[in-house]
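The following pair of complexes shares a single chain, subunit A, combined with subunit B in the former and subunit C in the latter.
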Partner chain A sequence: MPALLEIRGLTAGLQGQRAVTEVVSQVDLDVQAGEILGVVGESGCGKSTLAAAIMRLLLPPQVLQSGSMTLRLKDGKTYELLDLPEADLRQLRWRRLSYIPQGSMNSLNPVLRIERQMTDTLIQHGLSREEALRRSIAALELVNLEPRLLDSYPHELSGGMRQRVIIAAAVSMRPALIVADELTTALDVVTQRQILQELAAIRDELGATILIITHDMGVVAQIADRVAVMYAGKIAELGTVNGIFESPLHPYSQGLIGSIPREGGHRVEGLPGEAPSPWNYPAGCRFHTRCPHVIDRCRAQVPALLPQGDGTWAACHLYEPEVLSNA
Partner chain B sequence: MRDLLVVENLQQVFGGKTRTYAVDGVNFRIPEEPAIVSLVGESGSGKSTIARIILGLLQPTAGRVLYEGTDISTRDRKWNRKFRGEVQAVFQDPYSVYNPVYKAERVLKLVIRKFGLAKSKAEAQTLMEEALRAVDLRPEEVLGRHPHQLSGGQRQRLMLARVYLMRPRLIIADEPISMIDAGMRASFLNILLDFRETHGISTLFITHDLSTAMYLGGEIIVLYQGRIMERGQTRAVMSDPQHPYAQLLISSIPTPDPRKRWQEDLSAGPLAEVGAGISSGRDRCLFAERCPAVMDRCWGARPHLQAVDKASETSRDVACYLYS
Partner chain C sequence: MTANAEARAGASAAEGQDAERREVFQYALRRFGVYLFTLWAAITVAFFIFRLVPGDPMNILLGNLARAEGRQRDAEEEEALIAHFRQIFGMDEPLPNQYVNYLRKAILGGLDLGPSFVEYPTQTKDLVFRRMPWTIGIFTTSVLLAWIVGTGLGALIGWLQRSRLSKLAVVISTLLQITPVYLVALGLIIYVGYTWRILPAGGPYARHLQPEWTWEFISSLLTHAILPMLSNMIVIGAGFTLGMRALMISVLGEDYLTFARAKGLSPFTVLKDYAFRNALIPQVTALAIIVGATLNGTFIIEVLFQLPGLGTLFVQAMGLRDFNTMQAVVLFSIFAVLTLTLIVDLALPLLDPRVRRTA
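Our next item is the complex of A and B:
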């Protein structure tokens, strides 16, 4: 089955005075219809840039340099997201593609009631006031909020309730794809659990596809079907959630999983060194400066993201056939 | 036996007409022998307020803090200076504690100068390098750099190097790893464990992240709306929490293991979030409106901490009528 969203060779960066600094480089990723795909990585790895690029919402000095993104909807419509004019994109956003940027629970307008903030967008998309109100109430129910909340102002709501309002607004047009960036980062564990469980229920109820961007390995372990591990602007490994947590292939994924503090008694070691910033990405494999298994070709050649069986893909020279046969 | 730090009936009330009880009758102690005590709770549970009171940054409404038996509000200059040397703070934000204009190592140099730790420049340099190595930083990757050239993890470890120079007896660490990357967290926590084991430095570790408390071990104190709900050895509390709030909190940890997913769906249940507990005063269990095991008496009077399972290693104190 073709993917809902097919990303090929996506490269985005920061426009400097003379040159563009690549932040996300040559990303290939298929987002399958109906899945929850977790994108994980440390801060600065480009995961938020990738999310904004998918929405075509990069703001200067961010620039989209190259690549393609194909959105294939259930009704047979296909869109080349990078070729669409802004006016068409506006129609797609919210209706087909929804985006919950990091920290958006703090972006509600403090002087407008929730009702106005939720219905305005829907009216912009051509719905009548009554229909917009009906949809808003239905969306609030999806996140277990009562309709009377529509009369509230943002400051009357807790952080968890504001985040739920944002999610409700984002799903009120029943989008095909929801991109959520650090959705529960600022919330308590109990609220986080409730919201993530609501998100999974929304996926089941609306048949939506969810791309969840997070630095929290616990969050992806709990709700993702598949996981993409990003490092220094590239996808290091992609696989099922069980595969990534139980038998990670890429040395970076291994380090990331291995450095999770677990139950007391046995110590875990952190990953040595620091992730490079876009201004000094190393040549070859960008992880080679920290990799415990580095070989000569890692310093010279960029490893391609290749299938390794069982739905796992890894960008690492160690798993290339000729290296494996020499070992 | 004398305790290093004793927190007695601490209460902190903010505001005038609508009073907010940030801390409401909290008692705990940190023993003389090196220990790690974790203070956990959601945002608004009062954990940072307790840290600020212990550091002397905030005057409590009621109650007191004793350090080596002396009330910290005693305004004896000499004693205060000793206290400030022996009790060190590490805060959440590894960005805001640095002055961006100066080189990062200034935080070390100031300590060396103010506390007269070195007699010469060369000695100061040696001290700095030793401190950096103690926190797994290579001197060459830090010295001579400005704060913005360091990562959050490096900056936070640099704060530990500063603490190390002082050789305190107690570190008050308020959410020290919530802003640093996953790969770096373990090494930060390992440094705290090393400090305890090799240098006898205790830590009061304040966090909302229960899995890091579990990693550190020692004792755990679970706060809810300014009150202690449960207290005991971390491993015992985490594996078998007694208070319904502790049970809810611990079962909600996003365990980084896809084979141990959350079981029951909380999203629509009776535990769904309730607005701030304004309903019926404070002489009651504050968790009553969210509690699945709530009884009539929970609304009648405040449950006090009581020892449960006294004899064994899993003993702990619980503030809940289910156990009295």
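Our next item is the complex of A and C:
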């Protein structure tokens, strides 16, 4: 079955005075219909740039350099997201493709009532006022909010409620794909857990596909079906949640899993060093400066993301056939 | 929902509305208290500060009288005259008594601010009322027009911040904003008024006309008003443009703007409901602040364009140390500025729901 969203060779960067600094390099990623795919990585690894690029919300100095993104809907329609003119893109947004932004605390306009902010888009997408209102109420009920919240202003709501309003707004047109960028970061763990449960329930109810961007392995473990581990603008490993948590392949994933506190008095092992910033990504494998298993070719050659069986993909020279046979 | 629960929800909604109305009322009341206090403080400061200006009005008055009559009086006669005038102007008592009398007459005596020296025995109140329409007309109209034009222009160049035309507009506005208003006025008088002779550049209306409701008089009045208003508008408008541009740019970086675009709203809706509406709130406050800061510029313009407004009256009164008139001009200017500020402040809760709670 073809993927709902097929990303190929996506490269995006920051426009400087003279040159463009690559932030996300040659990302290939398939998002399957109906799944929740988590993208994890440290701060500054390019996950938010990836999310903004998918939504085509990059703002100068961010620039999209190359790549393609194909959205294949169940009804057979196919869209090349990067070639779409603005007007068509506007039609696609919210109806097919929604976005739950990072910093949801400030994502609602403080001077407009919730009702206006939920319905204005629906009305612009061709719904009548009554229908828009009815859908907004239904969406609020999906996230366990009362309809009378529609009369409130954002500052009258708590952080968790605001986040729920945003989720409700994002699902009100039953989009095929929801891109959620750090949606629980500003919330306490209890609220975080509830919201993730609600999101999973929404996926089951609407049959939506969710791409969730986070730095929190706990979030991924709780909600995602598959995980893409990002490091320094590239995907290091892609696999099922169980696969990556039980037997991570890429040394970076191993480091990430090793740094999660566990029961039983295990010592938490952090990764030595710091993630490189886009201005000084190392040549070859970008992880080689911190990798405990570094070999010569890591310094010279960029590893490709290759299938390793069981639906796991890793971009690491250690798992390339000729290296494995030498060992 | 049961009927009972529904009724309860309705009742609580009504209660919420009542609470909101009460809060708005309290805000207005508090704001009005501040208004009265400021007015009183301003009158008091004006009363004492003018009496610190060196020069006794009586000596100036006698000097003028002597020049007009062409003869010197002897000391005894002078003493008698001064005593007489002091009594007329209420200056024969100690300063604190004068202050109390002044306040008492002003508040209880129906704005009785005493006679003017400038045009004795005309009441200061009448003098100010006669001159005020000129100042209010020029000032209010030019500030409001400057605000409307500046806000629109600033929003536009902020929205199109990366275009070349926007950058040029910023340079031009910055240059205009730092130019003193009298230089702009002088430039307009010299070039537009005298060198090119496009518009009249002096006086309130053509010399041969009398104030009456005829088309000839009104059109003369309006053409004479263009240059003074333009001087004020150019400088203030440039400031408003730059202010609004900065506000727009900071709003454009807000998360809710990204979200609005992600929702698939049309650029016009994003501009109107999310960017402009939010940037407008501080811009309205800026109007209130600028109103106070630019009235003195209008006074200078009146003098330069020979308009019979409060500015020219003030300059005349200054020459005679006419305390009554100076105080009256200050009193009415402050009254006008504070009233405009009050209106703006009371309008804010309509624009910004957050002010209703926190103010």
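To be clear about the criterion, the second predicted complex is superposed on the first by the 325 of 327 C-alpha atoms of A that agree within 3 Å, B and C clash if a C-alpha of one lies under 4 Å from a C-alpha of the other, contacts with A are read in each partner's own complex, and residues count from 1 in each chain.
Throughout what follows, a residue touches a chain if its C-beta (ideal position, glycine included) is under 8 Å from a C-beta of that chain, and two chains touch if they have at least 3 such contacts.
Because the structure is predicted, anything quoted here is derived from the model rather than measured.
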Subunit A as common anchor, with subunit B and subunit C clashing or fitting: fit
Touching partner for A:L112 - first (subunit B), second (subunit C), both, neither: second
First (subunit B), second (subunit C), both or neither touched by A:A283: neither
Partner chain(s) touched by A:Q197 [first = subunit B, second = subunit C, both, neither]: first
Subunit B versus subunit C as contact partner of A:M55, first or second or both or neither: second
Which partner, subunit B or subunit C, touches more subunit A residues: B
Which of subunit B and subunit C A:G218 touches, first, second, both or neither: first
After superposition on chain A, the shortest CA separation from subunit B to subunit C (Å): 13
Subunit B/subunit C common contact set on subunit A: none
Residues on subunit A engaged by subunit C in the complex (per definition of touch): 55, 57, 59-60, 89-95, 98-99, 101-112, 116, 120-121, 124-125, 148, 151, 153, 155, 166, 169
Of subunit A, residues touching subunit B in the complex: 42-43, 144, 158-161, 188-198, 201, 215-219, 221-222, 224, 241-242, 245, 255-257, 259-265, 267-271, 274-275
Complex contact set, residues of subunit B against subunit A: 42-43, 151-154, 181-190, 193, 208-212, 214-217, 234-235, 238, 248-249, 252-259, 261-262, 265-268, 271-273, 275-276
Footprint of subunit A on subunit C - complex, ascending: 9, 13, 162, 254-256, 258-266, 269, 273-274, 277-278, 281, 351-354, 357
